[in-house]
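Okay, here's the structure, questions in a sec.
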Amino acid sequence: MIEPMEFPSVLSVDNLSVWRGERCLCRELNFRVVTGEALQVQGHNGAGKTTLIRVLTGLGRADEGEVRWRGEPLRRNDAEYRASLAYLGHSNGVKLGLSPRENLAAASALLATPIANNVDATLERVGLRAHADMPCGMLSMGQRRRTALARLLLAHVHLWFLDEPLASLDMAGVTLLTEMLKAHLSGGGIAVFATHQLLDLAPFPVKNVVLGTSA
Amino acid sequence: MSSWHEFVTMGGYAAYVWPAYGIALVVLLVNALAPGRQQRRLLKEIRRRANPKERSE
Amino acid sequence: MFVWFHKLASPPFFYKFADKLAPWLGWLSLLVILAGLYGGLWLAPPDYQQGDGFRIIYVHVPSAWMSMFAYMVMAIAAAIGLIWRLKLAHAVSAAAAPLGASFTFLALVTGSLWGKPMWGTYWVWDARLTSELILLFLYLGYIALNHAFEDRRTGDRASAILALVGIFNIPIIHYSVTWWNTLHQGPTVFFGPRAEMPASMYIPLFIMIIGFMLYFTAFILKRLQVEVLQRERNTTWVRELVEKS
Amino acid sequence: MKLTALIERDLRLAYRRRGELATPVIFFVIVTALFPLALNPEPTLLRSLAPGVIWVAALLAVLIGQDSLFKTDYEDGSLELMLLSPLSLEWIVLLRVFTHWLATGLPLVMLSSLMALLLDYPMHAVGVLVMSLLLGTPVLSFLGAVGAALTVGLRRGGMLLPILVLPLTVPVLIFGAAAAGRAAVGEPAAAPLYFLGAMLVLALTLAPFAITAGLRISLES
């Protein structure tokens, strides 16, 4: 994958201020993350980690300042930007009435690019091969989270936004996620995640943003 | 209208004309007074929040 | 001119502007309404069919007119707020809704008070009254949605969508109600100005409409001050304002 | 095509929770059956009221059903994924409303012919009644979807939705009931049916934009 030099893959934030009702979550925040880097959003509960990640994906909106992707400020309804990101939210986005396989098929229908990895290989990777055809409602919380993780692997996108990705994952799940993140970064991707635990992604650099200190 | 009597009785329609104007008066007055009252209350509340010390006064 | 509008859209400037203008407009509207009432209730001759009962026209027609005008203001402001993300525009919508709802209520009550001597009953499913009633429901829906959200801004934007859907629907609603009414041939009593009305009858009506417009402008400004204060309570200019007073 | 995969997903889900989706249809049947109990079960009276009764019941049933349109998607996070998809959200939403209508509206329309018999509605006019519902209930679905999109983030949205949407449904009710009513007495019903068709076209073209805008706003916070 060769990127033209004038459009380096960089996600940056200029003077971002986000309010939630009467409370200021962040004021004049600045950072930039480039290819192969990860950004960890830190802060106590309620500091606004989720809100910040949602603003970065374009779901939420900032009160002031801008989010830029490759130097261009995000427009409203930016389909091109949405085609280059994958998002794992608080909720899994997994339909309990469908099996992991059906869930992934539905998720790939929402992608712009053709899927990069086939569903079976992806399920194998996240360790759900044996449960591929059981309804997700019968799986454990950790297995549902793995189904959601599998979604990240369906297509090659530049940006991963992960909100509490470790929630309900076991030790093996944490290792799986770490490996997935490393593979993503080594492929030139960017990852932004909010976790309480520190993730060891060496040799890849992890930048930090700490929210809730000014308030 | 040629006389006060005629004006008050509205040619027999007083029972409809005057209530209509009465209700209109009430609605218009309420709408005229409410925002001013709300504004004063809001300003007071903002002031109290800005300086919590003055609350005892 | 454009620069002036731009400045007006800034909340602190607007707040002071409204503070100065609203009282003047308020007193002016009172004068005009009193003049209209004198013309309508005293000077105008009785109607040849409806006698003095027709004098309800001087409050009914301006209310009905304002009920629709307020909805237009609300919907246009909502569109401006959504497109240009102007906070003040959303405040205009939110301020216009309760005023519009009260005018709609007035139009309904005065309409049915007029209907009683004419039809012998307070309510008849006449096309105009029915449309007014649906308009009242639309206002109530808007107000309910506007206040349903914890975050005022989300409420503003969600209810703006509703106002826009409403303004697209109002012509269809009005048309369908008229169609339905002619289908069932209900009693028709004419509410409103007629072509053959003498000047002494319709001039007071126009004066009343102007008076109601002035009233609306004066008190939407007043309401806007409250809406702006609520939305801007954390800003420095509001703090300064509070400390000065 | 991708969009067919989405329809397939929605229909599959609808099939798996068919019990839940059947509630509006059952509601429709019960409400229609209540009218003869509240009124006088005299056939001529019932016959004259049948178009209105069936239409009001269908209207309420469709609107109540729309509350669940985006609710589960909102709760399990699928709605966020829909909004983040690079595909046009308008199309996704259009298909969503359509499949939801297939699962709830269509059975209701089918059952309406049965309910018409219970209300002594003339057999020769049942075709027009079904046609009017076939054209009108999708419009109601779209209007309800606008309300559902605006209230999806609210805990008490279920009560609010009918208040927001019912006034907007007046034209559909008027033309729908008029078509069925005219057919029952042997008058031509083409005009109101055309109006219903025109409203369906309007709803299909405009409502998806209002629905997507509503969803984006609801998910902002």
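As written, the chain order gives the labels A, B, C and D, with residue 1 at the start of each chain.
Assume a contact is a pair of C-beta atoms (placed from the backbone, for glycine too) under 8 Å apart; a residue touches a chain by one contact, two chains touch by 3 or more.
The shown structure was predicted, so the numbers you read here are calculated from the model rather than taken from an experiment.
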| item | value |
| --- | --- |
| Most centrally placed chain, judged by C-alpha centres | D |
| Chain separated most widely from chain C, comparing mean CA positions | A |
| Whole-Å gap between the CA centroids of chain A and chain C | 48 |
| Inter-chain centre distance, chain A versus chain D - centres from mean C-alpha coordinates, in Å | 37 |
| Centre distance in Å when chain B and chain C are each reduced to the mean of their C-alpha atoms | 16 |
| Length of the line joining the C-alpha centres of chain B and chain D, rounded to whole Å | 43 |
| For chain C, residues contacting two or more additional chains | 150-151, 233 |
| Residues within chain A bordering two or more other chains | 20 |
| Multi-partner residues of chain D (at least 2 other chains) | 220-221 |
| Parts of chain C lying in touch with chain B, wherever the complex brings them together | 26, 41-43, 46, 51-53, 55-56, 59-60, 63, 98-99, 102, 105-106, 109-110, 113-114, 116-117, 215, 219, 222-223, 225-226, 229-230, 233, 238-239, 241-243, 245 |
| Residue ranges of chain D in contact with chain C within the complex | 146, 150-151, 153-154, 156-157, 160, 163-168, 170-171, 174-175, 178, 195, 199, 206, 210, 213-214, 217-218, 220-221 |
| In the complex, chain B residues that touch chain C | 1, 7, 10-13, 16-17, 19-21, 23-24, 27-28, 30-32, 35-36, 38-39, 42-43, 46-47, 50 |
| Residues of chain D that touch chain A when the two form their complex | 2-3, 5-6, 9, 12-13, 16-17, 75-78, 80-89, 92, 219-221 |
| Chain D contact footprint on chain A (complex, rising order) | 20, 57-61, 77, 79-80, 82-83, 85, 87, 89-98, 102, 105-112, 135 |
